[in-house]
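Which chain is which? They are A, B, C and D, in the order written, and residues in each are numbered from 1.
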Amino acid sequence: MYFKIYAGGEFIEGSSELPVKRPFDDTLFATTWLADENILEKAIRKAMDVEEEVKELPAYERSLALSQISSRIVENEQEFAAAIANEAAKPIRYAAGEVRRAAQVFAVAAEEAKRLPREYMGLDWTPEAKNKEALVKYFPVGLIAGISPFNFPLNLAVHKIAPAIAAGCPVIHKPATSTPISTLKLAQLINETSLPKGTVSILPMDRKTGNRLVTDPRFQLLTFTGSPEAGWKMKEKAGRKKVVLELGGNAGTIITPSADLKHAVEQSVTGGFAYQGQVCIHAQRFFVHDSIFKPFINDMANKSSKLKFGSPLMADTDITVMINEENALRVENWVTEAVKSGAKVICGGRREGRYFEPTILTNTRPGMKVNCLEIFGPVITVEPYKDFTVAVNEVNNSNYGLQASVFTNQLDEMDYAFENIKSGGIIINSAPIFRVDHMVYGGVKDSGQGREGVKYAIREMMEPRLLVKNIS
Amino acid sequence: MYFKIYAGGEFIEGSSELPVKRPFDDTLFATTWLADENILEKAIRKAMDVEEEVKELPAYERSLALSQISSRIVENEQEFAAAIANEAAKPIRYAAGEVRRAAQVFAVAAEEAKRLPREYMGLDWTPEAKNKEALVKYFPVGLIAGISPFNFPLNLAVHKIAPAIAAGCPVIHKPATSTPISTLKLAQLINETSLPKGTVSILPMDRKTGNRLVTDPRFQLLTFTGSPEAGWKMKEKAGRKKVVLELGGNAGTIITPSADLKHAVEQSVTGGFAYQGQVCIHAQRFFVHDSIFKPFINDMANKSSKLKFGSPLMADTDITVMINEENALRVENWVTEAVKSGAKVICGGRREGRYFEPTILTNTRPGMKVNCLEIFGPVITVEPYKDFTVAVNEVNNSNYGLQASVFTNQLDEMDYAFENIKSGGIIINSAPIFRVDHMVYGGVKDSGQGREGVKYAIREMMEPRLLVKNIS
Amino acid sequence: MYFKIYAGGEFIEGSSELPVKRPFDDTLFATTWLADENILEKAIRKAMDVEEEVKELPAYERSLALSQISSRIVENEQEFAAAIANEAAKPIRYAAGEVRRAAQVFAVAAEEAKRLPREYMGLDWTPEAKNKEALVKYFPVGLIAGISPFNFPLNLAVHKIAPAIAAGCPVIHKPATSTPISTLKLAQLINETSLPKGTVSILPMDRKTGNRLVTDPRFQLLTFTGSPEAGWKMKEKAGRKKVVLELGGNAGTIITPSADLKHAVEQSVTGGFAYQGQVCIHAQRFFVHDSIFKPFINDMANKSSKLKFGSPLMADTDITVMINEENALRVENWVTEAVKSGAKVICGGRREGRYFEPTILTNTRPGMKVNCLEIFGPVITVEPYKDFTVAVNEVNNSNYGLQASVFTNQLDEMDYAFENIKSGGIIINSAPIFRVDHMVYGGVKDSGQGREGVKYAIREMMEPRLLVKNIS
Amino acid sequence: MYFKIYAGGEFIEGSSELPVKRPFDDTLFATTWLADENILEKAIRKAMDVEEEVKELPAYERSLALSQISSRIVENEQEFAAAIANEAAKPIRYAAGEVRRAAQVFAVAAEEAKRLPREYMGLDWTPEAKNKEALVKYFPVGLIAGISPFNFPLNLAVHKIAPAIAAGCPVIHKPATSTPISTLKLAQLINETSLPKGTVSILPMDRKTGNRLVTDPRFQLLTFTGSPEAGWKMKEKAGRKKVVLELGGNAGTIITPSADLKHAVEQSVTGGFAYQGQVCIHAQRFFVHDSIFKPFINDMANKSSKLKFGSPLMADTDITVMINEENALRVENWVTEAVKSGAKVICGGRREGRYFEPTILTNTRPGMKVNCLEIFGPVITVEPYKDFTVAVNEVNNSNYGLQASVFTNQLDEMDYAFENIKSGGIIINSAPIFRVDHMVYGGVKDSGQGREGVKYAIREMMEPRLLVKNIS
């Protein structure tokens, strides 16, 4: 199966082939191409050629194109899900969920495309501005560079492409080289619309070529989802362009005695092990009240051990391999290091090739890699706490701050958590992996800057222009 | 002490004298006048003469006038408080609080006068409106009639006058005939500003003359605070004008086991007996969880019996007489009726002239007047509940719906209350008499329609006008 | 062809047959039924049974139902258009436009159903509210009564039904008895959705039965589109319920020398004669600058005389008969009266049965019925002006204020018009009949109160509820 | 006259004296100190110590402190104005205006401190989020570094300090070393409030020490107003912190035939020569329609030649010296270069020490420094145009985009300008130097990024935090 890349409105072959393998069994899933600098340059020029045209598309045309893409994704849910399951080793159930979310992002963008921010205000607050009023209209920033990672190969790309179309910005997007197929399938649906050719390009690239998305001053905004290290380095090289960074974290979760324990355990298993923990908002660090620590950890171990391993293509598979052996090895090393320093393995802990067992550790310390870095694997740490404010401090004891959870039925705890947990989102009574696509999303501290969530992403892609006029 | 009335920008004597007595000892506090139809007519004409001028005042002039009035009230806090204490028999401590709130209303109105609602939006959602956009600006409705009651003689008038000035509407205001002095003192401060003379008139009137505020079609909006009976009747006679009704209620309060009991009792004493219960959002009906019913009722009785009776002018007075003997008699009758039908008096229950003791009843039934009508006196009923949803039903078992309280530390109870209690406001962990002046305020069911709270009151006094234009 | 009526979720026959004739040739188009009081009562009860369920539908369910209805209307555009053309004698071209707009209203409502108004604010503006904050959520008012007229038999009903569903309110709607078929066809599409049966009832009724929509206190809101006389009378009888009145007008249009004259004439012909002038925002009174008065009136006469008369079912028909002879006679009388008092007929002026020629009058005076009342027929008056501010005064010289137009390329004229024309909408460089369905719409003065335009209509159907809480 | 510097809540002497001279006559105006690294470090630590306390100040306390500062500035207007006139050689009339604007910024910040952005929204757009809702609250980013230039020594500092206090962020501010006195006087007023000591520090620093404001990672936001070169270099060194850059421009102004010529000339003289053109939004490049080019340039020359030169302390002085001879020389060189390449001097053109005459050039070309760079001196270029769209292109033919003006009474020209001029603000019928302090302000292209204008500046200093919860 060959997938052409999408450059400046045309499906073309690139300079060199890019084979895409199935992580589950290392077989070839499909072949596509890498774009070289010439192809990228052509895509940039084409995008700049249509920039004015894209900017001036009426709302109904931007909205209609986005709606059509959304509907077409829904029609092809199974096919998209299979592509994701194959290229990313994501259990098909989760893959289908990702596809539905991608459709939802386009649907919401179709609505927000008609509701771009504007303001109208009186200026007559001082005599100098008597009879003056102002309009503020937001205009698209111009050409956008998007870069997305392997773990939600479709939806994290969509969170850049759909808002760009809604805002009226052309966009050149680089998917992860390990998982480009679902995005290239999306390119086909984008190409069916009446959007000017060149509005969107989707180009797998090697790192060197991809680097031009960061450095080329013709891009007005770089929007990157990926690892903190990569993200912050890009920011340094990005020059004057705006940068949105959606990076990772090591989300904390607090389980209090007033929580519904059964529900908390179910959510925590999902939050900790869904897609092998390869999720930016993976629930990594658990703080459980003394009084329920034992039952919680027992139930967790029990439930985790029942997760069904299998091919990502099977409907009943809960867990499967990680994206590559390199990552599985890294996770193994971190766990081993923790155990050597005193951590106790409650369940899991072993690696077999690309597979790493769902693993629960306790007796860990904040400085261990399994706690202080982003593990991006199926490993969680669980520690008891006595005092809620101390638990909040533990959650905050991190360089990251993306999302965090508190399971509680106490109003004062919810309020305290909201006021004091330093992260982009606090989820009450659901796991930190909770995300719906129109909510504001993004991290503080090393977890990033700028926000996504359709209307927020659109806002980042626009800038205000003021008109001052008399009123008569 | 004589106070002239304020008609069309002039302080004049009216057609007949209006003596204002101190309810506490029935002595004469001050003398003012009633306006007759001629005076009212003159005030209306003057208001209509300046209507365009008021509408076109720049924001900074409306704002400056409102600020000045606010500052001047602050400077004269003691004098205003004494007037309220004298005319309304409001303990001076509460009276001073009312004065500060009135100053705050003008201060907030000074700010909101610069932030009148406006919208700017694209219309190009369909091809028919390609390249079209719209502005929406809110314009003042025109001449306003305000009517306010005796119980907050200053601040409830201010909640009509300040928003009217902010919105750019002239206003003719009728204070209660028993308590006109604090409002006439306000008139003096309004008159010091550079607002066009005639923007505000403050006219005590007998019922017949006052009725013209309701029926005269030159008023574009009637804003009334007072009893439900009076209010709904006015609506029937108001013709085409808009009507805002801020009426009363019989606020329910739920005390749950997770609440801080000490705090709940303190709040409940204040909520039930402050200003002798003559408050629209007086806490009238208490529903207390079984498990804490006894201690709650004991603490309440204990605290209530310690409330200090005295002259409203004394700093340590907690309670004093009601506004007149007629009302004290009514309260006595309702309590007697309840007791005859089986209600039990926990404390209080006796009348002496205009004074009625702080009274706690239990064993009441929903159909008793002390429950189903607005008591507007220092009487509360307290009943136990087992199930929170049943307690919510009891709160809802009323023709009224102004404010209600829930004392709880449970998140699910707060959420359930917000979704299910049918009243304008739900106050968590404070008494239902909680009100700050910029929050939205107003009732559902028989408690009224329309909303106050500075920016909301302003909104009622304005109407949108749309401009459709091309964008090039 | 028989159409059952839609009562409480069932298609039933009513108590008496209602034959629906084609105004064009007086032949029978279809037969339906009138609902009697029993049927109405059943529909009310069913609506109240499902009220809570409708209120609690999650946004995605309300939204999905609205989307489905929108799509199904689009699929059946031709059939709906034919129904409108037949029952209302609306030229099929305009009828198809109405159908597309109705689909658009449902589409927008599907989006707004997810964006109901809410607020979150700090209360700590004074020490009394330290650490307090507030949420404001809008809740559906409850059961709604809708009444719509013959002239946009589908879309004016849809402007009540779609917002009601979006807001979470059940609604009982009465279409005009002369044109109920398109709405009953809509009922079939509504019935296909998963909305609780009883959410929407569509019931043709005689005047007496329909009157209960006005007087029955179980309806929380009456939303009426129709004639000013009928509307204001309803308000008097409506009791405590909220009333939204979308009435008529006699829209003024100013043509200035800086306007594009050709464009202004084209727009004016449409504005004046589309659907035989039976439009609430029909362009009735023209004020044309002296310097271009002659060419304007000549071009108008020229263009008007070329309008093609024919059956509403023919694609090239521009104009056809009025809704009934009674109205055609009324228009004839008003024109005759004007001519007797000195008005000059530029073109048209004659009646033949239900047909009245597109008619241009000049030399009229403001007091003539053709100017001061709503003509609701194919008649316009055209007068010259010298000074723009005088022209604005002329536009304002009316009891009505729904929409008005100014054709100009001068900024100062646009600004002056916006500040000074007293009507709900000012349309620059298009005819006053301009309306897209998400813009705010509604009149001042005798033209009504309250606003439609999807999100504005929804807002009227909801009321705010405040939650006050501590922040920790 | 000695002014201590304000470090961590104390007025102290620094490590070395900083003499502040009057540019007008090179005499000593006052003496203050430079802060060294130790003092800066102390101020940083103190700021971080109080960070939590500042963040948690209730709105009324932040608001009250801001109000008090505003009032105290008003009380000391003359003294502040004299300081600015002395240190910055700003004519006292303009200096007084700057002081009033600074007071206004604090007044607006006092209001906005109570209106920090918040959101409340339903999440139930998909079944996954049934019964879920979200709150979004904005929290202060933390410690802020502010740097402001000499030309508005008070107000440009205030645009950083007042929003920081409103947002709840401590701030360390570096004024220009040539003009620190007015800001240090402000420090005295800030110190009078009850704000925690250390909330604000005002520290003159040499470049090397000041550089730590850019590089130290403890600052979460750098907000800089100054030259484009300096600003963009700072951004490169700023690391992960957010950066707001308010840089300069070479504002274009278009004068069309429909404009009021007299008014346009008056505005243009002010826009071109106020404060010797040392203004970020100085009107530098004029494009005047052919048909009025001659009269415009004649009137400009005439009016400019009448500007009164004198000491900045004299009430009737219009123009005076530039900030230093270096800048006057630079301007002289650019003008000389332009003249050598064919530019024609209409008036002015000569330098005398720090004084440079108000100068009008024509016959210039876009590539000349007087056009393509920011002249920051009393020099304007005036060129004729034939076609409005070409004039707009000329305005856009610049690396900068801060503000621009169009003098016109044509609606289509205003609309075209708003849609097509690429700058932060478009001012209709006033000079581009128009600014009131609550309007959104900031540039595109090389003119900066991020926005000021009180509520916008506050927004940059805060970041959103999401709370997701169930509704029951």
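Quick notes
As a convention for this text, contacts are C-beta pairs under 8 Å (C-beta built on N, C-alpha and C of every residue); 3 or more make two chains touch, one makes a residue touch a chain.
Computed from a predicted structure; not experimentally measured.
Among the remaining chains, those touching subunit C and also subunit D are A, B. In terms of the distance between Cα centroids, subunit A is separated most widely from B. In terms of C-beta pairs in contact, the better-connected of the chain pairs A-D and A-C is A-D.
Taking each chain's centre as the mean of its C-alpha atoms, subunit A lies 45 Å from subunit C. Separation between the centroids of subunit A and subunit B, computed from CA atoms only, is 50 Å.
The geometric centre of subunit A is 37 Å away from that of subunit D, both derived from CA atoms. Shared interface positions of subunit C, i.e. residues touching 2 or more other chains, are given as 114, 119, 121, 125-126, 135-137, 411-412, 414, 418, 428, 469-470. Residues 58-60, 63, 114, 116, 118-122, 124-127, 130-131, 135-137, 258, 408-412, 414, 428 of subunit A are the ones touching subunit B in the complex.
For subunit C in complex with subunit A, the residues that touch the partner chain are 111, 114, 411-412, 415-416, 418-419, 469-472.
Every residue of subunit D that touches subunit A in the complex is listed here, in rising order: 100, 104, 108, 119, 121, 123, 125-126, 128-129, 132, 134-137, 232, 235-236, 240, 242, 414, 418, 423-430, 434, 436, 438-441, 444, 446, 449, 451, 463-470.
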